[in-house]
Amino acid sequence: MSRKIRMGMVGGGIGAFIGGVHRMAAAIDGQIELVCGAFSSNPEKSKASGKEFFLPEDRVYGSYAEMMEKEKQLPEGERMDFVSIVTPNHVHYGPAKMALENGFHVVCDKPLCFNMEEALELEKLVKETGLIFALTHNYTGYPMVKQAKAMIKNGDIGKVRKVVVEYPQGWLSTKLEDSEQKQASWRTDPKRSGIAGAMGDIGTHAENLAEYITGLEITEMCADLTAFVEGRALDDDGNVLLRFDNGAKGILHASQISAGEENDLNIRVYGEKGGLQWHQMEPNTLVVKWLDQPKQVLRTGVGDLYPSAQSHTRIPAGHPEGYLEAFASIYRNFAHCVRARITGEAVDPIYEDFPTVSDGVRGMRFIDRVVYAGSSEEKWVKF
Amino acid sequence: MSRKIRMGMVGGGIGAFIGGVHRMAAAIDGQIELVCGAFSSNPEKSKASGKEFFLPEDRVYGSYAEMMEKEKQLPEGERMDFVSIVTPNHVHYGPAKMALENGFHVVCDKPLCFNMEEALELEKLVKETGLIFALTHNYTGYPMVKQAKAMIKNGDIGKVRKVVVEYPQGWLSTKLEDSEQKQASWRTDPKRSGIAGAMGDIGTHAENLAEYITGLEITEMCADLTAFVEGRALDDDGNVLLRFDNGAKGILHASQISAGEENDLNIRVYGEKGGLQWHQMEPNTLVVKWLDQPKQVLRTGVGDLYPSAQSHTRIPAGHPEGYLEAFASIYRNFAHCVRARITGEAVDPIYEDFPTVSDGVRGMRFIDRVVYAGSSEEKWVKF
Amino acid sequence: MSRKIRMGMVGGGIGAFIGGVHRMAAAIDGQIELVCGAFSSNPEKSKASGKEFFLPEDRVYGSYAEMMEKEKQLPEGERMDFVSIVTPNHVHYGPAKMALENGFHVVCDKPLCFNMEEALELEKLVKETGLIFALTHNYTGYPMVKQAKAMIKNGDIGKVRKVVVEYPQGWLSTKLEDSEQKQASWRTDPKRSGIAGAMGDIGTHAENLAEYITGLEITEMCADLTAFVEGRALDDDGNVLLRFDNGAKGILHASQISAGEENDLNIRVYGEKGGLQWHQMEPNTLVVKWLDQPKQVLRTGVGDLYPSAQSHTRIPAGHPEGYLEAFASIYRNFAHCVRARITGEAVDPIYEDFPTVSDGVRGMRFIDRVVYAGSSEEKWVKF
Amino acid sequence: MSRKIRMGMVGGGIGAFIGGVHRMAAAIDGQIELVCGAFSSNPEKSKASGKEFFLPEDRVYGSYAEMMEKEKQLPEGERMDFVSIVTPNHVHYGPAKMALENGFHVVCDKPLCFNMEEALELEKLVKETGLIFALTHNYTGYPMVKQAKAMIKNGDIGKVRKVVVEYPQGWLSTKLEDSEQKQASWRTDPKRSGIAGAMGDIGTHAENLAEYITGLEITEMCADLTAFVEGRALDDDGNVLLRFDNGAKGILHASQISAGEENDLNIRVYGEKGGLQWHQMEPNTLVVKWLDQPKQVLRTGVGDLYPSAQSHTRIPAGHPEGYLEAFASIYRNFAHCVRARITGEAVDPIYEDFPTVSDGVRGMRFIDRVVYAGSSEEKWVKF
């Protein structure tokens, strides 16, 4: 099958942040081709965007419904193979459902959708259709996150005792949503974002990262959520105590009012024999701390890393790979799985490594439960 | 008054960790002279220690009681001016009380004592006697901690919203107390350490640092304490949510099972306009983060720091000062206050900056309340 | 003109390091499409590579000569617009010359070619044909390198006095070329690499970076080059003193036997008022040091950076961009210039920012002069 | 012998930078007692200084000559055991010579003296008298410098190939000597400092550190020295190529016009099997880089360091020791050697580790040769 996998996009018109990220990520590895899109609910804007992306006019649609319908009628190999959904949270469910119902695989931005009902419905549809569904918890795409996961799975640091996962940002320290800032506007709006602010936008990344790396599940949470900026409807900061299913304890905090912080998702995991530390802003480094031994600085491309880390690295040591490359790995893995599905060939298990609809359901449950915990008098709330 | 201030020591015989620290710290600035001591409850060991410290035999005592009594009979200028107490927690109250009752000023290691009753009693005694009492929460002696405090007081980062204070260590990841390790032995023993393990030993430092830097008081806590190492009687890890009196929220965690961590006390404070970050293991640096501006790296000795930071720095920029120097600043400040008391002169207010018995009472209350919170079903416990 | 710019590639078959980098870099920004290639001097290997890249069979050629000839006969808009040359050094001149003679724009990997004669010939050809020629000194594509250049140009740090540029690698610490390692093999072979080893491979990057950032020209050099690994024909380490045209002094060292170093190109520039420091392995950070002021940490996406830095940044602060993105910026800028040439429209000057054939000539002269200086008894050799 | 070793000081009156450092360093370990001094050539100032240091009036002298003479007449055990010389360079030789001639051991600040003649004379005198002479190249006192030396000696990183030693400061970026700044004044004055500026003041530290750590000797140098600040008589910047006696190559640069730099003495050593990196401003850390293995971060107090590193560490891991502690180690070792000399007992070889008069001679030769090399047309100048 000598062609690229074909992507149709929902949302992500000119000027959108995450849409551009998805397009760059999908392009990097040369496996995926953008063939069509419904880039905006405004058909004019959709058209203008399609032109910018060098698409033929007849593959730029005025709505995602139109796109699904028209593409479906094209022959296999010409029509899109999958849909990439990069709209705000409240417009994930509609196109995802329609894509699945019409036989298209799906890549969907996080969080999965707007509420638990939608989440469970999507999970059901994915199971029923057997289609491939990737959720872009992109931070799990970094090689050193893969390395950390593999080390813990292999018992390198012993049984996990403590997890500290943090996601401080500062960009919502002022009431940015009162300006024209598009990102701030929808992310602080309960009608488009859902019941959570920072906890939904970035807290879910932290939750996903902690569970992905440790292989553990959060079982209980105790939360203190705050909207520090006056007049803001949703939380812009949250501090959470965690308990995991193996008895480990943890802390998760996510914030968009940590003034001066950029995007410092980071995690520390302590086991009986050692500890791991990873910072998203220096993603090619994994610090490994040992009991009474010098700590080691593991780096992408250096020495004997686990296969999952190596297979998600493109270039030699010292040539930094960043956010787009980690994001791209999710698209690359997804594309290889889609290709295998089309050709009927087996897929290298290394590619069966991307967040799925079930991770999305778990993220939605995190949102549901942490918001409840934040307002509850109970100390511990079941996940 | 052309002489050094004279110190008598209780505890701190050969091989003791913290006793040596106190002696070095007291010596650095040339203001204090060790003149006598009761270095051990074992008179032979006390004698051997005194010899090691070049003390005349008749100033080395078999017990602190003997020391107080005999020293008291010496003329002013010959007898010790103050007592330095460097014993385990359960032997703070006795010598402190006796010193105060006999007219000696006191420097006492932290935490203040064994329980709240002793703490309140000591506070009362200090008030009654008017004697000078310093508690060695030594981390507040660092110049960049002074700078952070001054910046917040001056409103440089605006109203404080969030505080994250951490104190991870890893040295008790295994059951070290079963070996001959003296430090591990008494710190994990409820009879000598009190009701708290890690929370008392290092959690109090974290609490003290957070309150000292921010000028805020903790009003409520929600805690999850754990003894991870099997068979250990006291907590070796604790995660705590904090609420402060100005509405700020916070996280405090302290741990002695964070495998591979050395002694990484650190704090981040976020205000409406910016954030501060300080790590004890790189103590000459204070990172200042600004909204939409490049962050700044403040360094001891560089540029226009606040007077309190400058006056606690001994050498030019780039010549690192460390733990002993910060510790020494507490002794230096204390010594200047004692000297002023003796001469009747006014003391430069810059020297009236060291933790007092009241900080000690607050630390004991922290221990009392955080242990209660850890075992309580209540979500929020008043400080 | 609603189509992507069309790229034909010379070299870069499956398994080649730098060919893959060029393809990923060209793809990221969605401006360029790979349409044909002569990926190997072995036609079978070229064909297999073309298939891997999803090219139609008739656009995969057995030699670059065939490619030029056949592509030339295709109509504009179908044929390739430019050639990307990613072969070893001794196969740069041939395809570059032929491309220029046949009206194709060129992107060429560095160093420009094999020797000074070829270099001057290519420069002449570019001038005569007026075609666009980009040399992939990719490290100048980083936003913080742009920022550093703009700051110096604007006088922010005052007149430049001292430059320290370093490029330590360790991968040739052993005689790797005796194994099957393809990269090591040709880079240490005078027949394919030219008269210089490390100095040609990475020293030229250092030279280019220093001159690009400072806007100064090296006028004199004093060099000590060594081949440390026994039996190696070309230098694997070089230490060079520099003098610049404004009176500034400098140090350049490049090494492939600095055991344990990855790819740590870095530069420090000191002016009368401040200093700059940039490390390729943390490329989103530029440290600015001031006289008697706190140093600042400039970061991509934070605050008021110069337009050239902003326009080479794709994603918000804290989302790291890496090596491929910097490389991609050269392709993106080149593509916009080629597009403007085709459409006859003016190009935004922000895109007229990539290394040209003249930078390539300068790099070849550096190689020529530094090798001479290394073996010369003269202290100072004119550049 | 139950008493401290007794120190008399030459220079270092109130307000002097390095005098205070020596006093604090001598005090830390409780082995040394300041008993007398000639703190200034101005007797009034000397007297005032002595009072500040709590010395009896009759032990504060108006000149070093007077001090030597009077002290010599006091009985052993009361008189000073050694002289500490902390004056500017041109006043090292006089008191050192007189001390040696009168039977006093000597600690002398670096560089050893004013010129080669004085240096050789002092070396001869030390040999003849058999007295103990320590030169305060204090940076060799850091535990991680000891560790680096031990690792190289033990062959851990294989045969040394390359050394990069740097000492950038920025404090003389402007003509500070025109202000009242005392340090700047004498250090830039050929009459008091000698023939070198930055090269003498800090270049000698770099030279000493490189030779101490590697155990190699510099055999040839090629230098480019500059006085960047207009009207300055001595070099404020120097770049030097080095060749070592085992065939290793190196770079040494020292600067006092590297704007914004504090005191960043640092060194990297590359051997056949790995590399070491140490920065004075983070002195408790030694980074060890390995071929194709994760680098390790060695820290004071962590794991199995070499005995020389362990024996120069006072407090547990994570409690930073700094500049004063490293300085103190030289005094401590010196004091133990003096004590052994007095008691006639053997000294633990661990204490026979401090820079001697021969290191001082080597430093003076470095100054002599590097200044010659800087002005010479010859490329390589013998050390």
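A few remarks follow.
Order of writing sets the labels: A, B, C and D. Residues in every chain begin at 1.
In this section, a contact is a pair of C-beta atoms (placed from the backbone, for glycine too) under 8 Å apart; a residue touches a chain by one contact, two chains touch by 3 or more.
Because the structure is predicted, anything quoted here is derived from the model rather than measured.
Number of steps on the shortest path from subunit A to subunit C, with steps defined by chain touch: 1.
Ranked by distance of CA centroids from subunit D, the top chain is A. The geometric centre of subunit B is 34 Å away from that of subunit D, both derived from CA atoms. Between subunit C and subunit D, the centres computed from C-alpha atoms are 44 Å apart.
Rounded to a whole number, the gap between the C-alpha centres of subunit B and subunit C is 55 angstrom. Listed for subunit A are residues 261, 288, 293, 295, 299, 302, each touching two or more other chains. Residue ranges on subunit A touching subunit D, taken from their complex, read 288, 292-299, 302-303.
By the touch criterion given at the top, residues 2-4, 17, 20-21, 23-24, 27-30, 34, 51, 53-54, 169, 171, 261-264, 280-284, 299, 301-302, 314-325 of subunit D touch subunit B in their complex. Against subunit A, the residues of subunit B that register as touching in their complex are 157-158, 161-162, 164, 166, 168, 170, 173-174, 222, 224, 226, 228, 237, 239, 241, 243, 249-251, 253, 255, 257-261, 268, 270-275, 288-291, 293, 295, 376-379.
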